[in-house]
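Just dropping this structure here.
Read from first to last, the chains carry the letters A, B, C and D; within each, the first residue is number 1.
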Amino acid sequence: MENLVQNIINALQWGSFYALIALGYTLVYGVLTLINFAHGDVFMVGAYIAFFSATFLLTTLGLPGWIALALCIPVTMILTAMVGVTLERIAYRPLRNKGAHRLYVVITALMCGLILEHANLAIFGASRKAFPQLIAEHVYTIGGVTFTNLKIAVIATAFLAFLFLHWMVTRTRVGMAMRAISYDKFAVPLLGIPLDRIIVVTFILGSGFAGLAGLLFAMSYPVLEPYMGALIGWKAFIAAVVGGIGDIRGAFLGGFLLGAVEIMVVAFFPSTFRDLIAFTVLLLILTWKPTGLFGIAKTTKI
Amino acid sequence: MSIPTEKRPVLEIRNLTQNFGGLRAVSDFNIQLMPGELSGLIGPNGAGKTTVFNLVSGFYQPSEGAILIDGVPTGGLKPHKVTALGVARTFQNIRLWNEMTVLDNIRVAQHYRLGYGFFHSAVRSKRYMRREAEIAREAAELLDIFHLTQYADEFPKNLPYGTQRKLEIARALSIHPKLLLLDEPAAGLNSSDIQELIRLIRWIHEMFAVTIWMIEHQMDVIMQLCTRIKVIDFGETIAEGNPEEICNHPAVITAYLGDDTI
Amino acid sequence: MLRRYSVHLSLATVGGLIVYLAHQEYISLYIMSVLMFMGVNIIMSTSLNLVNGYMGEFSCGHGGFMCVGAYVSSLLGVWLFAGDKVFGAPLLNPKYTLYAFPLLILVGGIAAALAGLLVAIPSYKTRGDYLAIITLASNYIIISVIENIGAIGGSRGFMGMKQLINAMGKSVDLPWMPIWVFLFTVFCIWLMRRYISSTFGKGVIAICQDEVAAEIMSVNTNKIKTITFMVSSGMAGIAGGLFAYILGYVNPGSFNILKSTEVLVMVYLGGMGSLSGSVLSAILFTILLELLRPLQIVKWIVIPLLLIILMQFRPEGIMGNRELGDIFPKLKKFYRFK
Amino acid sequence: MKRLLTTLSISCIAMIMAVQVIAADTIKIGFNLEMTGDIPKVGESSKFAAEMLKADINGAGGLEVGGKKYKLEFIYEDNEAKAESAVTTTLKLIEKDEVLAMIGPNSTKQAIPAGQVANDNEVVMISPWSTNPDTTFNRPWVFRAAFLDPFQGPMAVNFAIKTFKAKTSAVLYDLSNDYSKGLAEIFKKLFESKMGAGSVLAFESHGTKDQDFSAQLTKIIAAKPDFIFLPDNYNQVALIVKQARQLGFKGEFMGSDAWGSSELMTLCGKDCVGLHFSTHYAAAGATGATKEFIERYKAKYSYTPDDVAALTWDATGVVLKAIQNTGGLTGKLKKDRKAIREGMAAITSFSGITGNMKFNEQGDPIKCGVVVQITKNGEFAFNESICPE
């Protein structure tokens, strides 16, 4: 029982990261039907930006941890958002304007991811970076269940981010424009909504939250390396699709679902079978619900 | 020689009902189409006409009722099997394979009677060569009949709209159907094209001796071509008869013009 | 008459020349190995193009099928002809290796084709990016299965294939691996070209362009999808078998997502729906990887950058969906892409 | 378009066929390293150590072989941590660059196929880091500098039973990493043979690039083992130890030589203080050549060398010694390579910075290992030395 509760907390924390990254995938996908394969690496860049700003604030300026953290969050989010927007401006938009098949943009995204990874490797070397401790970590044990203040913060942030994005998409003008674009990309410019500006906003949101995820990730798993975003990026993409890509609720739920499946398989089966069982479960879910959990079945009009 | 089928309907629909969730798109629909008939199905937008066609061509499975093609029930058959029974159709919005040549559009439609599979295509067996030659010849002949030979190597997307319609009908006929379903063939055509279309359908009807059932909004097309017309609204049959009867049927007028009795 | 067989003749000449040069050691083993991996890449990219280009799906787990082929043909080969600590003495006399080798590779291909069902069956209902995840999941599943079978080495990998190569060399003294790679590459392209140009195979393109119309116009879409996925993964299996014998060692880690994305890049670089484009891009990509080796880390910045720039200029890949014959019409005199 | 394609293909072929330049009076040694891909740090460390050695020897006028001084030329090739790339890289080094011997690849996935090629082409290859028996098995031309799992496994078992007084244990290893998996399995077998079946309470695995281990650790901690055996790479060790502490585990960890990186302490911090692991040498309190190596490396690259760096240094040293053993180079590649192979076999004792070693008939080193403890200052302090019987 204690084990189960403990594993639920583990799953929530791990799922939070998937969810936060998957949100970025799904936002961009919803607007552009583009699988932004560079997103995992944007997350990695976010973690590095967080690392450099945190080290700068802590060591060079000698600020106390909590102030550094408070400054770190906006700095990381803004800078990471800029990286995302830059990718969109220099790599995706020209291709889109040339009317390329969407999968060519996907491949371009893949290439951008490779460049980010290896540019990092070339510039900062192969040494891994240790993320400085910003806030003191407290381990609480209640009835055999152990958790830390950081874990709670991570889970809470994921929920807040989701609520914010959900509010944004359903309640604000920009969000409505985003949804309108996902329904009909050709009609929207006719209605006077500036398509490119909405796309930029989407990238800002998606990458900004990837940056936030990067910061939190670096605080929870303080070992940074250039390839850290690749695997988690792929998996978050999987989570977003299983949830029903293009839908914010789907990405959020998919992230937690994937986290839960991975953790629970390890908890109750031999851990060597983790990938085998976890991916079989996902395969079955998609065979059972061909458009993911929240995806709307596209009715073919004849 | 096969048994004469004069008395057997090409298409028989019995008590057809289709529900989408809570919505009843078609309810208790019945029809019998005799060989050689040219019949129409009309009704206001959203009346469920295309749904009936989709049910007949096997794209949906009916919630209730039965569809028989030449006496064979189609329940549980996939669309390509239904097509192989001799049902061809066209679509409201033209659905040609736009980046495949006109000739290939006709050739691919011969899948139901290819008579060879992957293995034969790999080894280029005698049977494969014979079948491909036959298909190519028949496709060329068909294009010739429809005066489309000049476009054989073009992509359909580059053809004028009227020609695309014609090609779609030619493609449907290339599978030698017993029953041809035309879903709004006149949609999007200008008046001179419509006149040509009427001539074309009439000519097809005689030339290929095929049973035709069509949905159409252009009343003059229906009135000029069809001998029998069925009207549905909200999935229910509201009238049936020859063009004249339909024109004067009060239920039809209400359905089309609304109940404006003051 | 001569023109009709010109393709066959030129292929035979090129193949013969390569074998002769290799045998006389005019081509160094290094270039030979690059050429062999090029052959493997050609098979991989053309076979993936069948699914991603011609059928319009987005499969990103091609490496998994390669893995199945690699493992099945090497396990079978070692079991029958070499014997090792897992299987004990060989079942058959190694001198028959030469005759059985193509069969071994084909069996690997067939096994991979069966693994292709893992993707083919969900594809009846699931499409597009959702199917992409299924392919990705199959890739993970396949690798995870192999990692969990301790008897064949798990993540330690499996070896012993070198003995078969030696046995073949003993039977007839020729550089057998290049010969087999060349023959299988030609065979795969030839088979796919025949498939895709037959009326039967054109059903694949019909599905890509309008699946509803295809089904209504009597194309058995489920059957075509199954066959296409199986052919595609089968070819990947053949490529995997060759890959395993070239290396003499297989490890499940060699067939992960990275491998799959590498193939993806080759397909889209060449152009969706163009076999010659895929061949060309596989050749180009392999050479590029080899030429830029001295750049070390920077290589992996330069190559993606080159590809991004290339895509800005040719947003439909090198060939688009055209074949060589469409760009050089004169070539059509020598062969018909029909 | 047409012209572009033609020019491109012609220029590509021309470049690939380009003739290499042969320099006289140099000794070329190839390095087949993982500079990109999964484990870039391993390749980087190897390269750094080799560069340092080269600078030393060339600075002293070169390597003296048979009375003649040769300049060293090290050729580094990136195998991208891919098996197929390792093979082409090996062939390139052997044929195009005409190296006398090859160092690397480090990781087994690359070392086994590369070893095959080196053996077939009769070039001495020495893998600094690969621990899989198959790398050198039945390959007279292939050697290694690291000790094998069957030696390191017992080291960990005996030490833990003796020092921790452990009766039960748990193992967490990397499923896709054959080094980790091999060591974990040997450990389990030995521990259970000594402490009885079932004394390994939990035997859990994770994937190579995993960052969260909470589920495995929850399971392990619930089993209440006396200590956790962790044959993992140092970067994962840092995460695992931290997460175990966060989950309330207060017991001991025992590690393997893959822990032996200075980065371990930057990444892990105070959580790792006091833990033990078996390795090739103890950096803290090292004396003589070892101490000198560590200090110079640290001065040059501003971090303490890890085991790969030290092993590469030794592996390269062994090869250079073998070259000297030839008693003079003829300039004929095939003959020289064969002489180097004989030179390798002739090494009766090589005193490297990771200890004294000689090679057995399989090309595996016979050398001692040490168990070190991590001190408060983050140094790896000598605790116990264990030599093969």
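Operating definition for what follows: a contact is a pair of C-beta atoms (placed from the backbone, for glycine too) under 8 Å apart; a residue touches a chain by one contact, two chains touch by 3 or more.
Computed from a predicted model, the values in this text were never measured in an experiment.
Remark: the per-chain Cα centre closest to the mean position of all protein Cα atoms belongs to C.
Of all chains, B has its CA centroid at the greatest distance from the CA centroid of chain A.
Inter-chain centre distance (chain C to chain D, centres taken as mean C-alpha positions): 33 Å. Between the CA-based centres of chain A and chain B the separation comes to 49 Å, rounded to the whole angstrom. Centre to centre, using the average C-alpha position, chain A and chain D are separated by 35 Å. Along chain C, residues 147, 212, 297, 300 each make contact with two or more other chains. Among all residues of chain A, those that touch two or more other chains are 118, 121, 272, 274-275, 302. Annotation for chain D: residues touching 2 or more other chains are 35-36, 40, 175.
The residues of chain C lying in touch with chain A in their complex are 52, 58, 118, 121-122, 125-127, 129-130, 132-134, 136-138, 140-141, 143-145, 147-148, 212, 257, 261, 264-265, 268-269, 272, 297-298, 300-301, 303-305, 307-308, 311-312, 315-317. Across the complex, chain D is touched by residues 2-3, 6-7, 10-11, 13-14, 118, 121, 125-128, 130, 137, 139, 141, 146, 148, 151, 217, 221-223, 225-228, 230-232, 262-264, 266-267, 271-272, 274-275 of chain A. Every residue of chain C that touches chain D in the complex is listed here, in rising order: 28-31, 33-34, 37, 147, 154-157, 159, 162, 243, 246-249, 251-254, 280, 283-284, 287-291, 293, 296-297, 299-300, 318, 327-328.
Put simply, chain B touches chain C in their complex at residues 57, 59, 78-80, 83-84, 88-89, 91, 95-100, 104, 107-112, 114, 116-118, 120-122, 124, 128, 131-132, 135, 171-172, 175.
On the chain D side of its complex with chain A, the touching residues are 35-36, 38, 40-41, 43-44, 175, 204-207, 209-212, 214-216, 218-219, 222, 235, 238-239, 242, 245-248, 263, 266-267, 269, 303.
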